[in-house]
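First chain A sits with chain B, and in the next complex the same chain sits with chain C.
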Partner chain A sequence: MPVTKEEIKRLGEIIYLDLTDEESARFADLLNPVLKKADELLEGLEEEPLRHISQLRNRMREDEVGIPMPKEKVLANAAETQDGCFRVPRILED
Partner chain B sequence: MTIAGMSVVEILEGQQRGEFTPEEVLRAHLDRIEGEDVGAFLRLCPAASPGPGPLQGVPVALGDEVCTEGVETTAGSRILAGFVPPYQATLAAKLQGAGAAVVGKTNLTEFGMSFDMEDALCGRTQNPWRSGTTPGGAAGGAAAAVAAGQAAAAVAADTGGDVRIPASYCGLVGFTPTYGRISRYGVIQHAPSLTQVGLLARKVRDIALLLQVLAGEDPQDHTSLPGTLPDLLAEVGEPQPLRIGIAPGAYKSWAEGEVYQTLERLWQETAAQLGWQLVEVDLPWLDLAQIARRLIAAAESSSTLGRYDGVRYGYRAKDAQDMRELFSRTRAEGFGQVVKGEILLGTYILGDKDHYEAYYLQALRARKLVYKSWQGLWQEVDLLLTPTTPELAGRGKTPPEIFTGPSNLAGLPAISLPCGLVDGLPVGVQLIAPAGEEGRLLRAADALEKMIDFASSRNGGGQGA
Partner chain C sequence: MHDFEAVIGLEIHVELSTASKIFCSCPTTFGAEVNTQCCPVCLGLPGTLPALNRKALEYTVKAGLALNCQIARHTWFDRKNYFYPDLPKAYQVSQQDAPLCVNGYLEIPVGDSGTKKVGINRVHLEEEVGKSLHAGETIIDAVYSLLDYNRAGIPLIEIVTQPDIRSAEEAQTFLESLRNILRYIEISDCKMQEGSLRCDANISLRPKGSTAFGTKTEIKNLNSFRAVRRALEYEIKRQAGLLRDGLPVEPETRHWDEQKGVTVAMRSKEQTSFYRLFADPDLVPIDLSAEWIQQMERELPELPGARRERFIDEYGLPEYDARVLTAAKEMADFFEEVVKGYNDPKTVSNWIMTEILRYVKEQGEEAEGIPLPPASLVELLQLIEGGIINRNQAKEIVLPEMVASGKAPRQIVKEKGLEQISDTSQLEGVVASVLEANPDVVQDYLGGKEKVMGFLVGQVLKETKGKANPRLVNEMIREKLKQ
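This part shows the complex of A and B:
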């Protein structure tokens, strides 16, 4: 079943991405050939899924306080700050 | 030969002989940057200076996905406009610690998400071999910088061929080591299970030298590989009899005729002299690998790019009234079309149980099939030889990553080197090795490079074997 522009619009809302109707239609047209090719090639595979090729292992260290990045450095790239914090639009109602 | 245009090894040897100083080397490359605008750099590093060490005075360019403390780093995206990293990527620190001069940050497609530099948002980058032709991507700026003599080497991320494809289009050596060999701490990436840090230079020996400096376990990157490499420079140059896999059937069906003929001529003319035994193999899973890599990269991108929301760094939409509007408008205005498409694709295949099973899980099964196919292949051959790209720069009919992407799925080391010219544009040959066999790969590539004797200069009239 092809992806519709309505589905794309809904996906945009889930991932906080404003999309116009025109964009939604364009992205549906973009995704459908990819998914069609995937349908053709991937169906029926029964291998064990391989998520990662590296040999992941635990990295232990002493439970000691490290040297944190200074707050000024952390805040330096924010568009807005206030009183040593990130400033964002109001979250709670009065 | 002028200094700008020399290989890393030539620069180091010239300095040792007292023919020029590190400062003169840096000046020569900066002059070339000022004198010839191929759109390679997004910004220069004003504090670039050579220091003592094994790479003393070597001018190196970094892809703009590599974090550089105090120097704006955007990964080619509006959403990171103005981001000045408060820390240094491990690889950048290692380069500087080895005496290299980081001259600047190079252009790439947004977050390295397209192999076509036409998709880059931060300006057009030219292929120094032919103005108006793409240098390939995602690391098109890095390749253009080295090919134009504006840096002797470059470092950038490779998630499916992003370093090897532009290396092929620009007549350079492009290399990706085993997954985890070079730390990715401080490298902005969209698909972490696929990304290997790649190197660009003029000669194979340059790559060996750079890898020796950059390889090693990093406590900041839990996927980095433990252990040390042998002395790669000492190993390079020793001839070795090898079984070399070739897949003429697959190459004929995917590559354009002139590219295939260049490769066929190459293996026919050089194998016997190199002591190589050619073994015909089959690669029936190339298209399967291509779609699996695409889906896995999109799925991972939808997760990794979730962090860009306008709160802590980068671009923020103006005058948002609430958090939803802040996030949604910031991301809509900050991301380009290619990135939006990839995030949507990734969200589609992860966001619903049926889609997850039909696409993402099946892509992971395909990855396992490709991985097992590589394991089987290594029972028959020591290295696989392929075209790097199916077409010359700028043709754009076939997925350019068809031969490069499969090694990323399995984290294998691979190298592309120029092997001839067609219609005045470089053709690349790729060698792929089993995981952990960088030494074998570089020795073979060095031997092949000497046979090809390609003058990696636009003005050198490069000739193939």
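This part shows the complex of A and C:
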């Protein structure tokens, strides 16, 4: 199933990429042959899609408390901090 | 003009009371200093490998079983991708496509003795998000958001009901019943004020008798049982007003404003709610055996409905008493403990339902339980039975003091000098002088007016400042007037 340049533009918006019309069209042209190849591969396939490569099942841990990271380390990579918190641009958009 | 019927469905999030987070060993303590309960796993740092907390899985399956759900034999976790800083990973691990529990129901009380089944669509396990604090006066004029990730990664279950609820009152009853059952099975403390139980509501109206669905709105920010009820009452009125005027109900998310008592439309999130779900490759799938599920079922404690029936059978309580007492686990436990020490179930029930419940209610809907140990109530009831104090003194003086100071009833009686006078020699004189002072009343009594006895006893009590044992005084007067 080919994608349209509108779908590419929408996808760009969702992942916060500002694509121009030309860029959207170009990415659609680049992607469509790949998608076509994928469709050919899937054709006639009756297997359930594979969700996990590993055959492992039920890998779990016990409910035991460990030692968390020191706060300074937690915040070490934050672009901005305030009052011990990560500071980000306000969440609601205009 | 139409008569409308409300169609309500609830989406409830409940934090599980595990000691550690869902995929890492960080503690889950409420109210810890910000960002001190985080590690590379829950912060989503590169190279980390999450592993499911076994207890979180057990708790979710127990919730599903208590809500009469089918339990999935094969399940896995999805990544729900979105750009929102409440999770540092830019995705939330959830179970959109493979919920652990589906197709259940919860029976709730309606009216005086009826019940109603509210369908449970699904119960699934996911991770809690972090807490965002807004720097600024309100969420609207905040310039920054401050993120605390202590909460991020606490195991969370999402419970989605069928649209079976028909009124604001029913919604509140459902939530109370749900909280009760989750507390019974001890998987969450369910505190709405601390956010460990949260509720969103979907609501639409339709003409009575219709089976089609109207356009629904979703209400958020419901932080108490009262808020759920008030917000739904408001929204029913608002939608009915629109429909009566021939105006459309917009399909939107609305925010409950507790102060103003109104719901307000929020910005549409439709543009961004494309979550690009895929199975989390770091978390291996889960297979559950029938034996393991049965094991979970065996581990469930007695649930409220079963306990109510047992209270009727075992203690001979009326249906009403049994229902009130089992409406909260702490109360039912308290009742059974007291009955162990004072084997008169109906008397114990009366005391709990009237006197004790009043103190519980004073603590508000987030009541932490019974404000005194069972042994104290046993002692108080024994003091009354032994004629040491009378019922009124117990209710008016001793019990309030027990709750306030935590002192034992016997000690309070002693400190306040409340012991009843049950020694006839100490009362002889008072009885004689009361009879002497009221010759007319005595004549009335002798003439057959039994009722005046109450007055005579009352006079003796007054003279002794309430300390005389009324039953004894009654006997003494009867005896004296026989002569």
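Criterion: the second predicted complex is superposed on the first by the 86 of 94 C-alpha atoms of A that agree within 3 Å, B and C clash if a C-alpha of one lies under 4 Å from a C-alpha of the other, contacts with A are read in each partner's own complex, and residues count from 1 in each chain.
Everything below uses one rule, namely that a residue touches a chain if its C-beta (ideal position, glycine included) is under 8 Å from a C-beta of that chain, and two chains touch if they have at least 3 such contacts.
Every value quoted in this text rests on a predicted model; they were computed, and no experiment measured them.
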**Item:** chain B versus chain C as contact partner of A:Val74, first or second or both or neither
**Value:** both
**Request:** Please name the chain, chain B or chain C, that touches the greater number of residues in chain A.
**Result:** B
**Prompt:** Is A:Asp63 in contact with chain B, with chain C, with both, or with neither (first, second, both, neither)?
**Reply:** second
**Message:** Applying the document's definition of touch, where does A:Lys36 land relative to chain B and chain C: first, second, both, or neither?
**Reply:** neither
**Asked** Touching A:Ser54, do we find chain B (first), chain C (second), both, or neither?
**Response** both
**Message:** Quick check on my understanding: which residues of chain A belong to both its chain B contact set and its chain C contact set?
**Reply:** 13-16, 51-54, 56, 59, 61, 69, 74, 86, 88-91
**Request:** Note which residues of chain A are touching chain C in the complex, please.
**Result:** 13-16, 51-54, 56-66, 68-69, 71, 74-75, 82-93
**Request:** In the complex, go through chain A and note every residue touching chain B.
**Result:** 3, 7-8, 11-19, 23, 27, 30-31, 34-35, 37-39, 41-43, 45-54, 56, 59, 61, 69, 73-74, 76-80, 86, 88-91
**Complete:** Within their complex, chain C touches chain A through residues 18-20, 24-27, 33-40, 43, 51-57, 76, 83-86, 88, 132-136, 139-140, 142-149, 267, 271-272, 274, 276, 279, 281, 283-287
**Complete:** So, in the complex, the side of chain B touching chain A is made of residues 82-84, 86-87, 179-180, 193, 219, 222-223, 225, 287-288, 291-292, 294-295, 302, 306, 309-316, 320-329, 331-332, 335, 340-341, 343-345, 347-348, 351, 358-359, 361-369, 371-372, 409-411, 435
